[in-house]
Amino acid sequence: MLKIDTPLTVPAASAKEYIKNYRLITKDTGRLFLFAGDQKVEHLNSDFSGPDIDAEDQDPEHLFKIASQAEIGAFATQLGLIDKYGRDYKQVPYVVKINSKSNLVSIKDHDPISYSWYSVNDVAKFKKQSRLNIVGVGYTVYLGGEYESEILREAAQIIKDAHQNGLVAIIWMYPRGKNVPNEDDINIIAGGAGVAACLGADFVKVKYPYTGQEATAKEFRKVVAAAGRTKIISVGGSKLSPKELLTNIDQQIHIAHTNGNAIGRNLHQYPLKEAVKLAKAIAGIIYHDYPLAKTLKIMEK
Amino acid sequence: MLKIDTPLTVPAASAKEYIKNYRLITKDTGRLFLFAGDQKVEHLNSDFSGPDIDAEDQDPEHLFKIASQAEIGAFATQLGLIDKYGRDYKQVPYVVKINSKSNLVSIKDHDPISYSWYSVNDVAKFKKQSRLNIVGVGYTVYLGGEYESEILREAAQIIKDAHQNGLVAIIWMYPRGKNVPNEDDINIIAGGAGVAACLGADFVKVKYPYTGQEATAKEFRKVVAAAGRTKIISVGGSKLSPKELLTNIDQQIHIAHTNGNAIGRNLHQYPLKEAVKLAKAIAGIIYHDYPLAKTLKIMEK
Amino acid sequence: MLKIDTPLTVPAASAKEYIKNYRLITKDTGRLFLFAGDQKVEHLNSDFSGPDIDAEDQDPEHLFKIASQAEIGAFATQLGLIDKYGRDYKQVPYVVKINSKSNLVSIKDHDPISYSWYSVNDVAKFKKQSRLNIVGVGYTVYLGGEYESEILREAAQIIKDAHQNGLVAIIWMYPRGKNVPNEDDINIIAGGAGVAACLGADFVKVKYPYTGQEATAKEFRKVVAAAGRTKIISVGGSKLSPKELLTNIDQQIHIAHTNGNAIGRNLHQYPLKEAVKLAKAIAGIIYHDYPLAKTLKIMEK
Amino acid sequence: MLKIDTPLTVPAASAKEYIKNYRLITKDTGRLFLFAGDQKVEHLNSDFSGPDIDAEDQDPEHLFKIASQAEIGAFATQLGLIDKYGRDYKQVPYVVKINSKSNLVSIKDHDPISYSWYSVNDVAKFKKQSRLNIVGVGYTVYLGGEYESEILREAAQIIKDAHQNGLVAIIWMYPRGKNVPNEDDINIIAGGAGVAACLGADFVKVKYPYTGQEATAKEFRKVVAAAGRTKIISVGGSKLSPKELLTNIDQQIHIAHTNGNAIGRNLHQYPLKEAVKLAKAIAGIIYHDYPLAKTLKIMEK
Amino acid sequence: MLKIDTPLTVPAASAKEYIKNYRLITKDTGRLFLFAGDQKVEHLNSDFSGPDIDAEDQDPEHLFKIASQAEIGAFATQLGLIDKYGRDYKQVPYVVKINSKSNLVSIKDHDPISYSWYSVNDVAKFKKQSRLNIVGVGYTVYLGGEYESEILREAAQIIKDAHQNGLVAIIWMYPRGKNVPNEDDINIIAGGAGVAACLGADFVKVKYPYTGQEATAKEFRKVVAAAGRTKIISVGGSKLSPKELLTNIDQQIHIAHTNGNAIGRNLHQYPLKEAVKLAKAIAGIIYHDYPLAKTLKIMEK
């Protein structure tokens, strides 16, 4: 069984809860397969309706069906959706995505800012009231803009408060804006990962400059190193073929030594059955160290 | 009797109140006919005095007379008016419109912002003190501007607090500002509806790009889908002939499958008697599934 | 005796106090003669020293002498002056003007903003501590600028809190700034009056586009109508001859059907004796329905 | 013994403390000789090191030595210095200068703003904890800029809170910024003094447009009049010869009828002995109504 | 044993704790050797990976290894790192660096602002909960920009709160931004040091305009004088050769009479063994008054 050193901001009274949550979402591997479903705000309707998107995805409940049937570690989404569907999907481990913004405001015109919608205490109260299995909170940090200082303060407080309540704290870390010429610069990504470590995040979701090349994966070790005991999970990004996606994840986990992935569109834009199958393949890499070939075979079934 | 799953942010102690309110305003149909009377701030005096507006509309009490005599689900207005007239109109189900701004500031010069005037706890306290039949709160969200993040945070808190108090939460959702080139784009309207769902709204009032065409109504199903368990109510918009209005509502309800309407100017710019008659026709569609022809006949009386 | 329906935001425990205050300042007529003395901040020294201004006006105590000797309904000024002079003028009914700004910042450069200096609870505490006869609070709203939303929120809270404490709430309502091309547009003034009604104000002080013409007074009825149960009091404006002023007030009260006036410079720029005499004439119109001729005779004495 | 009418914002429980403080700093004359020593922030190092400045002034303790040995009414400085030196200078009556800003930001580029560093409650708590003789608080108001409204709100709260705690409230009042073309305009200075009166300040420190001319001093009576029961103390300004300074103060007190002075650089830029002697001369005018000639003789010793 | 006068903002109940912390970090010399390790946010990854940086530095744990093995006074870093590594490095005296910002936003475009991530009460609670040896807090002040006033207020509160809790308060003081043409101007540095004194800081970390010239060190006495009883510690700055660094420190301590140094990159960019050796040499100067030659010999071993 994975040995878990609870962070020191987790008080003794919440340690058991924290360890239970950590074990659950990492399935005792220390790695996390996060189903990230916050795009209804972040990308509005464009991720849910279009030529390459299955019609099932138009209904928000599609997300909950995937979350309940697929072999994921946790499902991250806004509290408002959990409010309406949670009653029917009680078994899902939820990460409450505590802030979100739309994509209408151009980053060129206005540095990004996305205040938390709820305090962690709101979430903890909701957890108690709803008896749902809420295991953590998620918060997006935009580094490098006019609001950076406000954002870092909010992030630091949220992580501390999450730990106080025994919740796992996950940071979406995006150096972004007119001061960040190249979001794909691995040194910048490593810098962001280091900031997440200084904030005390348990996991940090970072961009992976996709190439499918082993060289990239090797270079990416720098990001993993910079984060220290804060664990790196890579974003899935825009839609890839299952083979491309799985190859990518395999390289991330086994070459770059990241600790998991956050997959959104690459799951929910498929019909439920396909999504569940793909999740099985992804979980194979993340949780079971399946070789790539074995996961590709899952997809062929 | 309509089965109502209370949202999970409604605590057990408030569930009965929430269900009572929900049943009352939807008359147990799940649909809502909202009399929206917040224009004295939103449009200042221009909706209440002019060549095509009945003189009765100059007196704010006109709104309360309509609200008390017409077959509406609820009457939404600012607390200050309720403060002065509520004593004489105790039977009206009120939705407190918790924020409002004037139309003096041009959206081109300044992204829209409209802070809530009261906390939901203020409203709950007022309800208790006044013994009025306050059933919900209304809040306008402007998506896509400089203040979006502040607005979303305020909306999320208000919805949560409304539910804590057993009140129905209704969002006026307007993607608006210099970053929103076309407010009539159905994909953008669907995006806004999805955001309301992520916020946990019970009803979301959205723009309906009026054409009177069945094709539009069919395309609008996308908006209804995007909102999931959050129910869509369309705005009435600027003044139409009763026939145009009723045709529109009929298509919205029976083709687009929306769950109601919010009508303001199309009621209160008429003299009381006319307004009550028109409301009867509208309620016929929304609450009784009357065929369009039958509602048109009501108007002929 | 005037029947007073207390607003619903006045709780039962404060109703008696509210009615007492309302009766006192309206002398049971429903009309208000407000001595508005907040110009030491709003206009700095220019209203108190100059060729047409009596030397007595240089001393702030002049305001208190008028307030205590003239037949006014209430005296509105900043709490700091009351702090220093109230001990010697205990019989005056005070309205605490809760916000004020200087005239140094040009409206063209910067939209107007004037935060409240005190909470209503501060005022209520001061009332209890000082045992002064504080009957209400006054707050200026600037409509149409960048800060409109903050201002409306503050106004709504102040009115609610005033009522909670049994105090009468008076709004100074000024649509103003670069988005308001014509402050004298009666439709805009009516719009502002309607906003005050939606905020729950008891009285709203609005600009009166002075002409001395009956036609203007008739058109101004639109403003009175728009405010509904919120009562209109017109500003006195810059200094007029007593005859002009009284004619104006007479037309406002008896043709436009406003409910009183707020007079500042037109009182305090006179020596005490003159001010008291002029106030007697004004009170004649407002409180006693004297015909204009009779009030002009008062001035001749 | 001077009769002191405590302001009405001073509660009964604090009246004795207020009167004690007021008597102490005015030495029962109603006039105040304030040693103003907040320049280490306001002017950084330029007031403490330079060709015409004595080397003793480089050490912050120099200020405390003067404060403890010279015949001043009170010493105003930042709490951080009092924190470090107060233990050795317990007998000094301290005014805590509650806000300060550096002179690095040009007024032309950015309207001045200087938030209070501490609440008055912080100061009151510190007074109790340290057992120092803290007699009042000082706060700088910048009138006429973008932040005026925030500043006035903060000033009003600080004065009220000072009085609640029995502390004397002193305002540094500076109409300043791009909207104030001439800071030396006596009408503007009078306006600022009137604002301080409306805020309820006990003393207001204002600029004195130095000329050494009796005509100026006579015109300055307008400022004294505008402030009413709030007492005017003039700033010392940049370094003058002792004779110029004393002549100036003599005219201010005996012609303009101000109630004291605030002297900073004109004391601490001298060596301790000289400073103490000059202070004796100044105190001679302010507290003992010495004729100018007598004070000049003190300097000759 | 060093006599320590606790600042007056340290209450009696916290005096023992304050003195214990002060003695510990100054090793009873009154001087401080601070290992400053906040660069993972301030400089992102560029201080931890590069041609002249040892590979050990990529792992955040490297900082903790140095902190636990080198003869430092205290280790300053963000709470998030302490959260993850503190359990394994319990013996280290920690200074929680309470604010931090990245270097992505150009000072030319945007005046610097860096809000505190935590309140001092958060830190005090964490200390109690974690039982770590937290001895102080650190906070960066940027003087001279648009946010100066907010920053000074936050700094003043943090220092006061630190003292309330018996913690040593250390200010990183940087006059910076478009209004500060020359950060190396010793008069400006002295001004900043004086501001720290007015804030009540115990130590202030300031820039030292490195030259290795005795003349500079002599001129720097002005900075030490301006800070009075607040002690000056100089920054180490960018990487120097050990000889240059030690010469510099020697001149600072023995000529300029500063009270210590804050060294970051000049320690952690070396492998652990080298860093420990260099720290021994630095501590030799700061804590033991070793002559420079003796410390250079340490490096030769």
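In order of appearance the chains are A, B, C, D and E, and numbering begins at 1 in each one.
We adopt the following convention: a contact is a pair of C-beta atoms (placed from the backbone, for glycine too) under 8 Å apart; a residue touches a chain by one contact, two chains touch by 3 or more.
These numbers were taken from a predicted model, which means no experiment stands behind them.
The chains in contact with subunit B as well as with subunit D are C. When the partners of subunit C are compared with those of subunit E, the chains appearing in both lists are D. With centres set at the average Cα position, the gap from subunit A to subunit D is 58 Å. Between subunit B and subunit C, the centres computed from C-alpha atoms are 36 Å apart. Annotation for subunit A: no residues touch two or more other chains.
Starting at subunit C and stepping first to subunit D, the chains sit round the ring in this order: C, D, E, A, B. For subunit C in complex with subunit D, the touching residues are 38, 40-41, 44-46, 48-49, 58-61, 77-87, 99-102, 104-106, 109-110, 113-118, 122, 126, 129-130, 132.
Residues 5, 7-9, 11-12, 143-146, 148-150, 152-153, 156-157, 159-160, 163, 175, 179-180, 187-188, 190-192, 194-201, 222, 225-230 of subunit C are the ones touching subunit B in the complex.
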